[in-house]
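As written, the chain order gives the labels A, B and C, with residue 1 at the start of each chain.
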Amino acid sequence: MNMTSSIRATAIFMSPAALIAIFIVMPPLLYVVYTSVNGLAFSLDLYADVVASKLFRQTLITTFVISGISCFVSLVLGFVVALHLASQPARRRAILLGLVLLPLWTSILVKCFAFMVLLGREGVINSILSWAFDAHIQLPMILNRIGTLIGMINWQVPLVVLPILASLLAIDEAVYRAASIMGAKPARIFWTVTVRLSLPGVLAGLLSIFVMSLGSFMVPALLGGPKDLMLSNLVDYYSRQVLDWPRASTISVILFAISVSFAAPLALWRRSRRI
Amino acid sequence: MTDIIDDPLQRRYRAVGTALAVSVYVFLLSPLVITIPMAFGTANTLTFPPTEFSLDLFRTFFNSPGWVNPLLNSIKIALATTSLSLFAGTLAAYWLVRREFLGRALITGVIMSPLIVPSVISGLGLYLYFSYFRINSSTLSIVLGHIMVVLPFVVVMIMAGMNKLDRNLEFGAELMGAGTIRMFVTVVLPQLVPSLVSAALFAFLSSFDEFILSWFLSGPDTITLPVRMYNALNWEVSPVIAAVSTLMMALSLVVCVAAISLRKATPADG
Amino acid sequence: MKKSISVSRRTVLWGLTGVLAAPAVMRATSAMADSGSLTFTGYGGSYQDAVAKAVITPFTEETGIKVNVVPAPDLARVKAQQLAGNVEWDVFDGASSEGATGSKDGLWEQLDLSSFDVADLAVAPTNEVVPWGIYAGGVAWDPTKFDAGKHPSTFADLFDVAKYPGRRTLFLNGPVMTLEAALLADGVSPKDVYPLDLDRAFKALDRVKASIPSWPATSTQTISLAQKGEVDFCCTFASRVKATNQPGGGAPLAFSFEQNLLDSEILTVIKGGPNKANAIKFVAYCLRPEVQARLNNQLGGVPVSKKARPMLSEEVRKWQPDYENPRNLFIDPSYWQANNAAVSARFKEWTVG
């Protein structure tokens, strides 16, 4: 193919996506950056101000704590599920995988509503406990950190299962056979073969859910308490309640930078793996 | 995993693993199951379990323009988003997988960026941007916003599908003198159909469920179902929410079953 | 190479203007006409139902002007619409502090006060912000769970966690009303509340912080949290509690008139809105004594029109706050106009700390 026709073909194939990139994806981001540095005045004062503020620091810590704990728990639960799925015959695995994916494909709003019903002070679980122990039990499970974590873990587990499962299925059965012939105990096989060889999937899953959870908005807003304020909620607060858009934009840019700093290694690593 | 090694210890490990896995399945699915019986309740407020069963809440839903209009809006928006993002996404995914060209990394980065840009940021930015062009609150603005979020997923899914295709067929067609476009339409697209259908289903569902951008972009006449539902959670004490949840879940179930039966037993590489 | 870049840039710029200008022009022409409609922001829930039935429907019948109701009055979106020069809403319904903050930010249209019967209004309007009702905030609870004497009735009671243990919510998520309630609870006499002693208020709030699971975003939430048993006591508004005692209102709650915060509900016309003339007609209509009576007979609120008060039903009179009660306090919007931003920031910091 010669040069010009290749350029023309590139234009034909790429222009719809390029138009979307240029006219829809870029402008809001640029606008946010532009606002955060006070436009052409290019001042970083607000960044200094935001980073010094107690509210921002507290929220930043909360964001990392909630994301960190929920991702770790999700990883463990996701590993358990992936192991179980990997040991199933293909047909049953497909059905079970469907069950795992179903919550992933269900609106977070619907799940938050369900958790309100399930975990509320007069909710299903407390009612069952009260009945079982013949007492009025009112465990606080929503409008606090527990509720936030439960809501986060519920959407993170399915996301982390997929890459781990792919890694597990990619492990050659011969490795297990070799290990067992050489007399390795199941626990040892689990650590040296299963865990070690699934590490790529584990890391990929962990990083991607961590990046996604940094931007959580609905779960802390609906299931969390006053102290479960995450960075997205802070952006919403400044843009909606205080009408301070420069500050909202500044926090947005910081949040974006944090997300990128965790997502970039993942993207680089994926690319290197592909080659 | 293999069944060759089979001693009591191994079996015990497996039993524990299964028990743990089942409890995780329960945890994942319980919020979905819980709302269904409530949707068939009659009570004035949300109670579980409902004392008697009826279709009242669904009747209320379908008889109230306040719920039906958002439902229709959401369907309209999701259809437009699906077709446009599939069009742009398929073309781009094909080219990104098969060719090197100037600016490839840049444009990929921009298209994929919504995956890591928290929606609140895009929501605020898009709202101001669209206001400037006076198209906010229109169906168009919500569709454009949704395309932005859905496009990366479509591109990734189609690219994954592309990687499985046999490239020799394309070489063959080109050797026989077919132009790039013709070759794409006659050779590549037919093989991509399963990926296209999965991507379309996913795009439809993502748009239908999308909340944060719609929350910023919807106007008086363009409220979507999730925005209506969020309003209901915040602004009224309405048992209809359980019926809406059940309807939205039914849609997810349909899409999920369709996608699984398409994909068979091969899990996607996240 | 250089040439091709400049060509492509020009093409891109043309594309930009073409693609984006078309809908802009279309939109601009459709928004120009002061059509037979207006957009009104409301609060949803029982309040919205009452406004629709008692005000909006008869207004449309009388004038032929259609009223769109958007369910999220939100100052940030008003401001966003104005910055972008694309205002979609016409009439804003909110709390007095929001009206005052909006005045400070220049969000409202100037009104010609001579077109209203100012003498009839119990709360004086400014030339931008018109009060159209008075609402009473106070303590509410579920009477099936708490008998008389077992629940708080005043703000001091509500802040006494030792005497009345249990979870509780205060007023809407923000400092307005919350800090006033905290100072009254701490024993400050109503006439000395303004200017707020912030340190004292936050100290008082510290005492109840651990018992507050949530800061409701809307007044409907104040009710629903209490109805679902998520909290035992809440601060909410008399008209909302009245609605729970009507058919379809859910679990009935009880409300204390022993001590209340009083505030005016305000209307403003948004600057640059598409239907200014209709909006002004609507505001004037809302202030008519018979409309005020009709609305508040529905809502159980307090009309701002003095002439409307004798027209209230016997039932609604039971839900009126006592203006002579020395423990009650009227919210001062001028304080919040000056201090909202700074105090809100401190409040937010306090809630997450």
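Just so we're on the same page, contacts are C-beta pairs under 8 Å (C-beta built on N, C-alpha and C of every residue); 3 or more make two chains touch, one makes a residue touch a chain.
Just so we're clear, the structure is a prediction, and the values are computed from it rather than from any experiment.
Averaging Cα atoms per chain gives one point for each, and the point farthest from that of chain A is the centre of C.
The interface holding more C-beta pairs in contact, when A-C is weighed against A-B, is A-B. The geometric centre of chain A is 36 Å away from that of chain C, both derived from CA atoms. Centroids of chain A and chain B (each the mean of its C-alpha atoms) stand 16 Å apart.
Residue numbers of chain B whose C-beta contacts span two or more other chains: 46, 128. For chain A, residues that reach two or more other chains under the stated contact definition are 19, 22, 239. For chain C, the set of residues that touch two or more other chains comprises 20, 228. Here chain A touches chain B in the complex through residues 1, 5-6, 9-10, 12-14, 16-22, 24-29, 31-32, 77, 80-81, 83-87, 90-91, 93-103, 105-115, 117-118, 123-124, 127, 153-154, 157-159, 162-163, 165-166, 168-169, 173, 176-177, 180, 185-187, 189-190, 204-205, 208, 211, 214-215, 217-218, 222, 231-232, 235-236, 239, 245, 248-249, 252, 255-256, 259-260, 263, going by the rule given at the top.
Only residues 20, 23-24, 27-28, 31, 39, 43-45, 48, 68-72, 80-81, 83-86, 88, 217-218, 220-221, 223-224, 227-228, 248, 250-251 of chain C touch chain B when the two sit together in their complex. Across the complex, chain C is touched by residues 19, 22-23, 53-55, 58-59, 62, 116, 120-122, 138, 140, 142-144, 225-227, 229, 237, 239-244 of chain A.
Chain B meets chain A in the complex at residues 1-2, 4-5, 7, 9-10, 13-14, 17-18, 20-21, 24-25, 27-32, 34-35, 38, 46, 48, 87-89, 91-92, 94-95, 99, 101, 107, 110-111, 113-122, 124-126, 128-129, 144-145, 147-148, 151, 155, 180-181, 184, 205, 209, 211-212, 226, 229-230, 233, 241-242, 245, 248-249, 252-253, 255-257, 259-260, 263-265, 267-270. Residues 12, 15-16, 19-20, 74-77, 79, 105, 167, 173-174, 212-215, 228-230, 341, 344-345, 348-349, 351-353 of chain C touch chain A in their complex.
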